[in-house]
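One chain, subunit A, links the two complexes that follow: it is found with subunit B in the first and with subunit C in the second.
Then we have the complex of A and B:
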């Protein structure tokens, strides 16, 4: 990742949606289809969205993880039984950029959803494909370079990550 | 604060919608929001200007009102949306209050106090670098580890000493620059984002610290940070709690010891740390206590949560 020196450098901006899953599906939909639906709701043509599947065996590579501003985590596959303690540690200690949006997808009943929400009160919990799409669009249209506020937000996020990576 | 858009969903959390109604609402409002951003999202900051935009262009939108009306929301509640009077600022403050647990809040309060106390002894009225900031935190926890914890009832002490009960919750690993904690770095960034501390470029020479390789950043309190510390300072200094007293006392000792050191002297102190000498890059050096306090143990919780909420 390279730092944006000026506000104008932010346009266009490429963004990866980080997906942490073992099955590549969630809520009975392929993640690829879900990302396509998210992409269709992004306004303007200055924000390019790609999906990025990070290997769960490489979670110690935090430098790679923090370069993505949206994290989508399949709770049932990754957190429910503490399958990946390193991931749980990142969430517990908030070891992701301030400006990132972490969305935990819970495939389960309302009691399970409430339990996960109380366990991660600072994160966003989606209990359906529709919610996941809506929340992702909410974040990405906020950090969208079509507005000056969005460009400033993206630049701030880029600076934070570049500082963490040690490239500025 | 990040995730400002979440005020869209928080606006209906008190309306008692069913999960299906809530889902309909979030789908509609995020769609309306996207359109409004594209057509008239001319705000530059994400506080009052942004909330004003939401109350003009998003909450009163006919699709939003119609969705809420179909969900059976009362006319009394609907009028708040129709008139664009959703109290966004209060919703965010309330959320911030519950977003941070007591241990995180106390860490951030002690971190602000560290900046204030260190600045008093420093010639430059600031912590001179991010490197020094990280090492101060590390040595405070390290010294707590050396303190016996017999003062705590029902505690037999152990190899963690007082660090078993108090100190920063951070986990330090070995980096090229020595002990470093990602979480401490993130907490520092939060204080910056809330305008409680400022970071100034003080030199074009880096320190080798993470995020400080090419430039050096001094850390000082902003006037707002000063005002916040003032409100909790004496409560910490005069705390009856043994675990707060011990932490604060150790922190003050480390501040006095390190404030007079040059960068080279501090670097030598770090290099001489025995844990560091034994560790490989990436190895864990020191882990702070995970859970420290009950709300009832801290008598300035109310002030603290109020201040953070205003962040």
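Then we have the complex of A and C:
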């Protein structure tokens, strides 16, 4: 990642959505289709969206994870049975950028959703594709370079990540 | 592939992207000399007594002309930015093309000067060897003429190889860890080598070379809009099912790199 020196450097900007899954699907939809739906709801043409599938066997490579401003985690496949303790550790210790949005997708009934919400009160929990799309769009349209506020938010996120990576 | 591009590509085996004007110019000059020699043929007829000696001289000269022709065609091929024209088989097609273009003159001369006047009587092996030598000479003259044009404004071989090698080496930035000096410097080299590749391709004259340029520029403009993470994904490719859009760009990059390997000759 390269640091943005000026606010104008932010335009155009590409955000990556981190997808942590074993099946590449969620709520019976392909993640690629869900991301396409998110992309369609982005205002203006200054923000590009690409999904990034990170291997669950390489979770120790945090440098790659933190470059994504939206984290989408399939709870049933990644967290339910503590399959990937490293991931649980990142969430517990909040080892993700402050400006990032972490969304946990729960494929289950309301009781399961409530349980996950209470387990991760500081994170966003989505229990349907519609919610996942809406939460993602909400974050991405806030961090959208079409507005000055959006550009500032992106620059803050960029500075935070670049500092973490040691590139500034 | 439509017929017209096929013909165009076939002609580029001779012209190397420099148009047919020079070819036509030389052919017309050769026709002019042919008609002039027809006009004065009676005065120019020589009686050859030591036929075997002439046979050896003509054959030797033919071999030398063919070798020069192959050398010049190979050197022209190496300086084009057309991957197809770099293939050995296409180098032979080029040489054959020059032979064919020159053969037209010789066959025409045979019909006008010999067949029409003597009905083919009295033509021996020496005449055939002489015709082959003349064809090889005309073909070589043509190739040398085109070579001069290629040399004038095509990048030299060293520049082609160095530019491609530098680009290939700079892909290694993805192997360095984030925040390291090695990653920073190789990524900067990668950026500048993209520019150098663009400059190199802007000199492409052949249809094939210009297609490679368009392909590269289209890929590059899309690539440069991506985040660092997506760029890495495009360069590395994805092992499992992943982002299909980026995978598509990865495949385009691989195809472009393959074509550059052919041009580089490795």
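Keep in mind that, in the parts below, the second predicted complex is superposed on the first by the 168 of 168 C-alpha atoms of A that agree within 3 Å, B and C clash if a C-alpha of one lies under 4 Å from a C-alpha of the other, contacts with A are read in each partner's own complex, and residues count from 1 in each chain.
FYI, a contact is a pair of C-beta atoms (placed from the backbone, for glycine too) under 8 Å apart; a residue touches a chain by one contact, two chains touch by 3 or more.
Note that this is a predicted model, so its numbers are computed, not measured.
Peer 1: Comparing subunit C with subunit B, which touches more residues belonging to subunit A?
Peer 2: B
Peer 1: Tell me the contact category for A:166 with respect to subunit B and subunit C: first, second, both or neither.
Peer 2: both
Peer 1: Mind working out whether A:124 is in touch with subunit B, subunit C, both or neither, as first, second, both or neither?
Peer 2: first
Peer 1: Determine, under the contact definition given at the top, whether A:107 touches first (subunit B), second (subunit C), both, or neither.
Peer 2: Neither partner.
Peer 1: After superposition on the shared chain, which partner residues are touched by A:51: those of subunit B (first), subunit C (second), both, or neither?
Peer 2: second
Peer 1: Should A:153 be classified as contacting the first partner (subunit B), the second (subunit C), both, or neither?
Peer 2: first
Peer 1: Kindly classify A:99 by the partners it touches after superposition: subunit B alone (first), subunit C alone (second), both, or neither?
Peer 2: first
Peer 1: From the superposed pair, tell me which subunit A residues show up as contacts to subunit B and also as contacts to subunit C.
Peer 2: Of subunit A, residues 165-166 contact subunit B in one complex and subunit C in the other.
Peer 1: Which residues of subunit B touch subunit A in the complex?
Peer 2: 2-6, 8, 19, 23, 26-27, 30-31, 33-35, 37-38, 41-46, 50, 98-100, 171, 182-183, 185-186, 189-190, 193, 210-211, 213-215
Peer 1: Please give the residue numbers of subunit A that touch subunit B in the complex, ascending.
Peer 2: Where subunit A meets subunit B, its residues are 41-44, 62, 93-95, 97-101, 110, 121-122, 124, 127-128, 130-131, 133-135, 137-139, 141-142, 144, 146-150, 152-153, 160, 163-166, 168.
Peer 1: Which of the residues in subunit A end up touching subunit C in this complex?
Peer 2: 1-2, 12-16, 24, 32, 48, 50-53, 55, 63-64, 67-68, 165-167
Peer 1: Using the touch rule from the top, collect the residues of subunit C that touch subunit A in their complex.
Peer 2: That would be residues 177-179, 184, 225-230, 233, 238-246 of subunit C.
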